[in-house]
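Shared between the two complexes below is subunit A, which has subunit B as its partner in the first and subunit C in the second.
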Partner chain A sequence: MSLRIAAQAVFRREITLFARRKSDWANPLMFFLIVTSIFPFAVGSESERLRLIGIGVLFVGALLAAMLALPRLFDEDAKDGSLEHLLTSPEPLAVLILARVAAISLALALPLALATPAFALFYALPSEVAGILALTVVLAVPTLILIGAIASALLVAARGGAILTAVLVLPLTIPTLIFGAGAALKVLSGESPAAELALQVAYFLFALALCPLAAAAALRISTD
Partner chain B sequence: MTELSVSAVTIERGERPLFAPLTFSADAGALVRVTGENGAGKTTLLRALAGLTSVASGSIQWLNAPSAHYNGAKRVFIGHSNAMNESLSPYENLVFDSGVAGNSVTRVEVRAALARTGVAALIDRRVGSLSQGQKKRVALARLFLPGNETAAWLLDEPFVALDVATQALLASHIEAALAEGRIVVLTSHQRVDIRAANAIEVTLSAIKAPERLVANEAQA
Partner chain C sequence: MPRTEQQSNDRFNGKWFWRYASPAAFYPVAGTIEKLCWFLAISLTIIGLYIGFFRAPTDATQGEVYRVIYIHVPAAWMAMVIYLAMAFWCAIGLAFGTRLSFMMSHALAPTGAIMAAISLWTGALWGRPTWGTYWVWDARLTSTLILFFLYVGYIALAAAFDDKKKGDRASALIALVGAVNVPIIYFSVQWWNTLHQGASVRPGGSSMATIMLTAMMIMAFAFWAYCIAVAMNRLRTQIIERERSAAWIQSSVRK
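For the complex of A and B:
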């Protein structure tokens, strides 16, 4: 009962913060728009070439945009001291972290996934490819936030933490990148994306099971 | 009954001990004043008492349970930072604080807690728009939230930024908490009068860095 109260309190606070500070989700969205819209200028307007690179650019752009929200996990709370509340809670820290990851994933994955089909127009991608890309972005963003939770927990209060976090997190997102982009490529060539999607879901579940526990342990060490 | 017992505790920061091994114990209703010069480790000791920092040697026990067990004796720690998100209101912050501790509180209860430190009128203002003193008063209102009725108070420089009248108000709240049989641990550079039947003075003596270490740092 009190565990549910605690998890709800964490979730509700994050959502309230996202509703109040619109820049927290609008900035990643703007970044996503800028990254995906400047690529066609560099590679030219030939639609066959655009279609080939489009899937990769959109997927990587969404991942990089989601990276921008990682300081929301612990850095901000460490600065104003409110991380103490999480650390001294009698409830399991891993569950509280999971609640925060869920709120941040929701607030990011939805706008990014909704924007993906629109931005896919820059690359002349067929609508069914744009649809599957949106779906894989929905799976990839929570995976990235989960992995990011470990890195930001380790590097909380470290100088230059943002760059180091990216260095630690992005290599670990390669599996979800391969499977996600692979699913969209399959659809582009008219095949079934089921295998790639299943593997992407599996990687997400793996992160879901492991990352909150590891992040909790890392947070205890780095704030000691 | 001894509620808090600290035996031969040392705490390290950057592999350097902060103060000489510390031993004291406090019974219910005791006021523990922690004194020491800057850098002696007062804040670190309070964080260790709260369970936020681990000790290098020795042990801290609350009601015979190690300090890192949050399910044991309840403690409210109010540190230098007010531990509030500036984009949220005092109400939202306090609901979060008690929610994370597993208590759901109503708006009436939050307002009552804020009224104890005289800031009930600020309940829906953005914390970022409050003055330092007002922020401190909102942070101190956490002491009066439901669920903290029996908690020990760990107060790190609670009188900083408070006006004279509020300092006296907080002193009277501390006296009332002591009378209820709670332990209050306090660090303060200001000498605010608090009447306590059972007062313990804990003085931390800073350990100077060994010269070899200092030399190494100079080389690096």
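For the complex of A and C:
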């Protein structure tokens, strides 16, 4: 029972922080808006061409925006000492990390996913494609945060964290990128996205099962 | 029941190879392996390239350019094998806390990255005349590129820690995470796109002429020997660097 209370407390603390410091989720959203809106300047404004690159730009843009939040996972807490409290808790660390990842995923994935259909208008994408893109972003952002939890837990004790996070995390997000964008491409060409969606969910569940454990081990290593 | 020190010593003495988990004990062995492997690498390369360049016939469809296979395929194999070896030593290091295991995986990583780079580079040179382009987003090319990123991530992470021990364990963990993901990435990339010619060599049958296959196998062994030799060389350097204050280094290596 006390495990549930501890996990809830961690979750509530993160949500409260997001509610009080709106820049934590508003900045990634602004980043997403700006990144997706500068691409047309580079490729031209014809709708045909934009439709071709739109899915990729939106999906990668959302992933990069979520990447911005990764330092927030453990860095600040390591600086102000609250990470020590998490580590000395008698409850299993993996569960507490999972609660924190859940809160951050919720606070990031929802705004990004809600913004995706709106930004899809820039790229002349049909509404059903915009809808499926929002759904795949909802799945991809938590996957990225789960994988990112391992990297940012390791980087708490390292130099030059921000660039390294990208180097470590982005290659591992390729499966979710392939399946997520693939589902949207299927809808764009009028086919069923079921297979891609199923695989994207599978990769998410795989990350959900293993990443909290690995992140807990990583945090123990770097705060040793 | 907790083991006494005597019991755990017995356990280690029972298996002679545990002795070589000590950098001091393995240092001279690594030197012997290195010399042997240099000899094998040089002689096998001479034999393999001689057969491959002067004895093997010209390919019926691809002409002379196919001969890059004698470098390309062994390098691609080594890039994959070395990642597995690296992940293996990382797992051993995390499980038993043996510092030599971490040094071994650090010694392997740059060679693995170079092998991935060589296979990509020679692949581009091969692709230009046969496919008409240096690069295609084909499944095997793409996965080799991602494998290269995994090597780079491992090397960069290991270098990012001032505390070497922490860096050892942190990079070992990321290597294991990568190793778990490699099959998934490979599968997903394959799902995404495939164009590469089917594998020429597979268990139970091969589409290559025997002499070409012979040359390629000899080159594969040459690459094995080369990789082991440079890894041992790097391992010895690491041992000297990390254990420089130990008495045995002061007395034996300085000489």
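Definition applied: the second predicted complex is superposed on the first by the 224 of 224 C-alpha atoms of A that agree within 3 Å, B and C clash if a C-alpha of one lies under 4 Å from a C-alpha of the other, contacts with A are read in each partner's own complex, and residues count from 1 in each chain.
One rule holds in what follows: contacts are C-beta pairs under 8 Å (C-beta built on N, C-alpha and C of every residue); 3 or more make two chains touch, one makes a residue touch a chain.
Here the structure is a predicted model, which means the values were calculated and not measured.
With subunit A as the common reference, the superposed partners subunit B and subunit C fit together side by side. Of the two partner chains placed by the overlay, subunit B and subunit C both lie in contact with A:D224.
Within the superposed three-chain model, A:G190 lies out of touch with both subunit B and subunit C [touch as defined at top]. By the touch criterion defined above, A:Q8 lies against subunit B but remains apart from subunit C after alignment on the C-alpha atoms of chain A.
By the touch criterion defined above, A:L154 lies against subunit C but remains apart from subunit B after alignment on the C-alpha atoms of chain A. Shared-chain residue A:E84: touches subunit B; no touch with subunit C. In the superposition on chain A, no contact is made by A:G44 with either subunit B or subunit C.
Of the two partner chains, subunit C is the only one that A:I174 touches; subunit B does not reach it. When the two structures are aligned on the shared chain, A:A214 is found in touch with subunit C, with no touch to subunit B.
Shortest separation of subunit B and subunit C in the overlay equals 5 Å (C-alpha atoms, whole Å). Of the residues of subunit A, those at positions 224 touch subunit B in one of the two structures and subunit C in the other. Touching subunit A in their complex are the following residues of subunit C: 146, 149-150, 152-153, 156-157, 160-163, 166-167, 169-170, 173-174, 176-178, 180-181, 184-185, 188-189, 191-192.
For subunit A in complex with subunit B, the residues that touch the partner chain are 2-3, 5-6, 8-10, 12-13, 16-17, 20-21, 76-77, 80-82, 84-91, 96, 223-224. Looking at the complex, you find that subunit A touches subunit C at residues 147, 150-151, 154-155, 157-161, 164, 167-168, 170-172, 174-175, 178-179, 182, 199, 203, 206, 210, 214, 217-218, 221-222, 224.
Within the complex formed with subunit A, the residues of subunit B that make contact are 50-54, 70-71, 75, 77, 79-88, 92-93, 95-104.
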